[in-house]
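Per-chain residue numbering starts at 1, and chain names A, B, C, D and E are given in the order in which the chains are listed.
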């Protein structure tokens, strides 16, 4: 978010570029990653030097079951162009059952956001295990492309 | 109770007894049968081995006609039954197949009308209880081996009975007052067309079945498939001549025994048309 | 106002190569609450850590952000570092600018922008970090072992030898389990009883081991270190204190019952011990079959008992005891092959399973070790073995490989050759899997020396023909159908979970897989632990296992239990859930979501409008909480918060990355 | 007549001291309002009425008397009874501390403000009663009156389906216009029997879930979160929508959640009993798998 | 008196819109909103939402701030708005503005954010010839529903036309400026129709002063659900909270409406709440309206507009409460 456009320009390119240069625009995707699978998967992508767009900002949580749907709305409010919630595959949860609750919550949340008029491509949930570095890369790449096609998010956004 | 009747080619030719006895049983049990108008080949043998889609389209056309009649189909022949069941399942489970089949046959078969074997219609739908109540005579303890062959009960979950140890006909034999001999070759392969095409192989298969029946001490074998019937009935003479066998086991369609027990005269249901004479055994058990 | 220090690591060129680390430090210095920011070549190195410690002193830092590699790598390192620097270790946050940035974003400008964002996120979070403390709980120095088979016995002996009291709870009248039924063990062919019974005796005589046989775990309460366990001692009808195990009663008992131990191939009495070397070697009365219980008449055993130990009025007894650790070693059942029509649906008496074969070949078995087939007691000359019965079969059985069958079938074929000279064994197999020391050699011997004929293929049908069983199958190597006229068919039935495994899992609060085997905490790294702290697994209850593996796992489980019991106190997670009691309405929706049963109800008293009222709130047991945070989302009011990952911290991160 | 029975039973309960309070309805300012009333003295029972304007769901008042001595009696229509179950499942009400006087409900009516008194037969049903699935109390101690039959509820999800059919931007525009109107008076929350929190996440204490600004974005946060918090717990009493001074179509949000939950995780009706737990508090291994 | 045909109102508004930001009562949204030609006006009654947000918006940014290292800056966001014209307010709402003026402009303190908008607003009111809604009771609160003096121009409802009366010097100028649209009329202002809701306010304020501890509050508050509908719809409720939004190194401070009916309204930082239950909160609201404000400013803080009565989910009826207060026997 920026409340003062001058300040934004001093910090190079942290915020969305002005409309003049759409090809330069890098979406901002907030990702919630469980520590045991997806965060590790992202680490593995790094160890394997798998390149993907610098659009994603991962927030580490112990379990995808820790992710409150309100975090997702807040991210959109503050200017996220996309939000990703990612955790262990069903059956792999470090805490046995956390991701099953995640699955229910965010299936519902996805439908709700869509009902409210958000494009479903802006909110995604994925299972990415600690061994799926390439999948992490592919998911981020795909999501970034999808959101680039959609353009900057204006919906629910509470900042300039 | 009313069904669209699909006799198929066998019941109009080599399996004429099956047709006669089926119609007789239906009449006795008040099952109305309306032959499917303008029916065509079920797609067995040559059809489905030539082209998969043809193998589905042929039976689907018959089913589509029955669907227009608003009736389920009764197909006594095991091959016909198997082909129609295959088409029914395929069309129900895949909209694409349904569309393709509709394109070929120019009739949309939605899968609303299904197919039942004569065994299912008489022994399950009408039911053994009703049959028992309608019996005019019983088999008097005749030792009968139920022979199902391969097509009625397979594949697992789609066929009409347990594929390893079916009991439908056995239960009927018991209900008719016979002794259902438990033998291991209920679903053994009869050789199908092999006795004709590669007689050495095929005849051995028939031989094994007859031999097992013999060891098991049966008076007769009962079947529900025209091809099984032909192999078991017609090949006994062959085996006796060529392989030095000594078989004399009468083979019945289950409908023949059922019709007789329900009071039909044996002659009316075609038992005199068999290759292996049925006279002695019917005599022995007072079923003339 | 916090005083945050930011330390940006070059990681040699790993980070500095594609991220402008100096620029990151410069920008970080401008973040709110950041009073110091610097960069260094290797932050994790000794001098790097010294940079942090010095800065804490010099700038009075109260929070630290290290921007370097993944926290999964070096979080413990830097926590220790700031702790020695004088800060609580939880006042650290890391920004992962290596795995998540420099290594994946080659564009230096863009990478630098992202690195700045990640540092801003960490700085925003760390401002809201609070000092956290691990807490500790007392440990009751006693272990419970559920199941007295070889795994349970081994666990008990190991823990007892380490000096801790152990209780074995065994469902059957005797310990010994499956191994006691087995004749010989592969690959050495030593007698199973000869190596098992001494261990049974050791367990019985060990001063630290208490064996409670004919008993089951009824209820489990409490948590790691402090389990309150209720054990149901089933009514034995024999007073263990008075009985001397003389055997008069079972000699005189008039009622013969099919012996479970002998797989229904032999008989036992209604008052019985399962086998002669039983431990404890004192009988129980099988009330289902005992005439006294069925008809009220008889009572012979009572009359003949020289010590007056028989007590028909005995009732189930519940005893409660506190334990620090639980090891589950409940073993396995054998797959019921009656689902297989091709093998005759269990109707042919001479189609038997591996365990039947063990009893037939066992010298103390119903046939005195002479192999006779069940139907007519003829000695079989030709035996067909069929492997993978119930295992590796998605359609009718289990998907998994049962692991032991290849070896025990080879053993059976060997025993056939040894015991019935001139006999012929055919073995139908899908694959031969012999991954164990000496296993492949054993298999080769079975094939070579002992002449067992291995046929690769499945059996399509077994049917009786005269007094023979015809086994029809396919030799898929020759591509030909095969028919063998056999005298007996032995099915290598799969090992499956105990039929009541699900019930026990629910009692213990542990999880189980689709096949009802108990689930280990991690398939590779925590193979003997469960998700429930303090509950460990040994033997085939966790998955099919042979004796060596069961014993090895038993040792491992014992070591874990000893590790727990050796401490008088145990440290627990610092990042646990916390209840704000003033907000909590006590709806307890959180309770059912917690996988660790860490949330319970608590009654608190409050002053409201001048009077004291009681109300219920949720309460988190810090010893059990593993910090997953599922409860925090279930709590609509936000009364639950996860320390270290609080709502405030995560929201701060969200806001920071969106700036 | 129900009103007579109400008064008799209330009088009886209060006189015998079985309860300390009876919660019911009395006539309000206008002939077309009936409003909650709290009777503590037997002589006041004549204030009680039951007519076609007893629209208010009374169950939530039980929270006010959670720690009170003795029992409280409360009149419950179908929706009120489900609300009581809801509160019991949330462990906010103890069954043995309430006396439930069930009233089968034929649906509530509304008259245009300012009109003269008229026969109620001709009046329209209020919105919230039009797709009522449970007009009969599902839990009660005594039932006053005969059970009534369930009205046709096939239009229950009609509004939802209509909105679902809109395009993404149309949906956003529609809800934007709605939430723009929201004045955040929290009437919807405060009246809701599924909003049983001691203190709402959106109230006070610097938790920072919701900014105090009244603007579209904060209103979206509030309204979406409210729906998610009552997900699987909404008993469809329609009170939120009824009390909204800005006439926001809140049931079109609640019913969307109900519809989705039923489709995704199997049929579930909140508040029909205390035993069946809400769908978001549980899971099945075979739940729909979309996150691949 | 001068008059304008009702059909000419849109012409008048079109013309004044060149000079002012014109705010009109809008049907549908049921509030005051910027005028655009063709917009559907609600001229037969009061709006659901009162006009108070014209001067006192529900959310109002006040200051912005930022830091740069150890340097900080603070800037006011007060701006002088373009002259605006508030058209069609009713005498009850005129009275409410009068009350807000007391709060924001009197007793030695001037709220510059309020004042900036108030000073720049030209008021045109429309009289009611009787109760516009079944919930109206302004007459009982001492308001003449037909006429008011505290505006610039007042319009009498004469059926097909409005009688136009300037009430201030600015008003005189306005009437003169748009004289072309006004014709002379001799039509009489009709008699005020009878109100269905009536009450006696005499002595209530004084009586309430002795009723702080009276059990009545316990009784009347029982059915309140503690929502803020009454306060947010009330034309005179003016409580606000000041809060801030911070993002990194910058942020702004804003004020927004608050409601004394909310449980956390008086909660202090340490968690203590001097008004812990709805009894205290309901009591405060009515005492504020009927005792405290009259004591301080000599005016009732209730104008009898009836909005709270029409929208209260549980029919909390201020007229009924006043009646109950009057019936209380103080011994």
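Here is the rule we use: a contact is a pair of C-beta atoms (placed from the backbone, for glycine too) under 8 Å apart; a residue touches a chain by one contact, two chains touch by 3 or more.
Quick caveat, the model's predicted, so the values are computed rather than measured.
K.L.:
Touching both subunit B and subunit E: give me those chains, sorted by label.
P.N.:
C
K.L.:
In the touch network of chains, how many steps separate subunit A from subunit B on the shortest route?
P.N.:
Each step joins two touching chains, and the minimum needed here is 2.
K.L.:
Considering only mean CA positions as chain centres, point out the chain farthest from subunit A.
P.N.:
B
K.L.:
Could you tell me which two chains share the largest number of C-beta contact pairs?
P.N.:
Per-pair contact counts point to A-C as the maximum.
K.L.:
What is the chain whose Cα centroid lies farthest from the Cα centroid of subunit C?
P.N.:
E
K.L.:
I'd like to verify one number: the distance from the centre of subunit A to the centre of subunit C, where each centre is the average of its C-alpha atoms, in whole angstrom.
P.N.:
36
K.L.:
Taking the mean of the C-alpha atoms as each chain's centre, how many Å separate subunit B from subunit C?
P.N.:
Roughly 53 Å separates the two chain centres.
K.L.:
When the centre of a chain is set as the mean of its C-alpha atoms, what distance in Å lies between subunit B and subunit D?
P.N.:
63
K.L.:
Taking each residue of subunit B in turn, which ones touch at least two of the other chains?
P.N.:
Nothing qualifies.
K.L.:
Residue numbers in subunit E touching 2 or more other chains?
P.N.:
Those would be 247-249, 271.
K.L.:
Which residues of subunit D are in contact with two or more other chains?
P.N.:
Residues 199, 201, 205, 209, 215, 280 of subunit D each touch two or more of the other chains.
K.L.:
For the complex, which residues does subunit C have touching subunit E?
P.N.:
Residues 29-32, 120, 582, 608-609, 655-656, 659.
K.L.:
In the complex, go through subunit A and note every residue touching subunit C.
P.N.:
Interface residues on the subunit A side: 1-2, 11-15, 26, 28, 30, 35, 39-40, 42-43, 45-47, 49-52, 54, 57-63, 65-69, 71, 74-75, 78-80, 94-98, 101, 105, 137, 159.
K.L.:
In their complex, what parts of subunit D are in touch with subunit A?
P.N.:
My answer: residues 163-164, 168-176, 201, 209, 215, 217-218, 220-221, 224-225, 227-228, 231, 253, 256-257, 260-261, 264-265, 279-280, 283-285, 287-292.
K.L.:
Where on subunit C is subunit D touching in the complex?
P.N.:
It comes out as residues 582-589, 592-593, 608, 613-616, 634, 636-639, 647-648, 651.
K.L.:
So in the complex, which bits of subunit C are touching subunit A?
P.N.:
Listed in rising order, the residues are 27, 70-73, 96, 98-101, 103-107, 109-111, 113-114, 116-118, 121, 511, 519, 531, 575, 593, 595-596, 626-630, 632-634, 642, 645, 647, 650-651, 653-655, 657-659.
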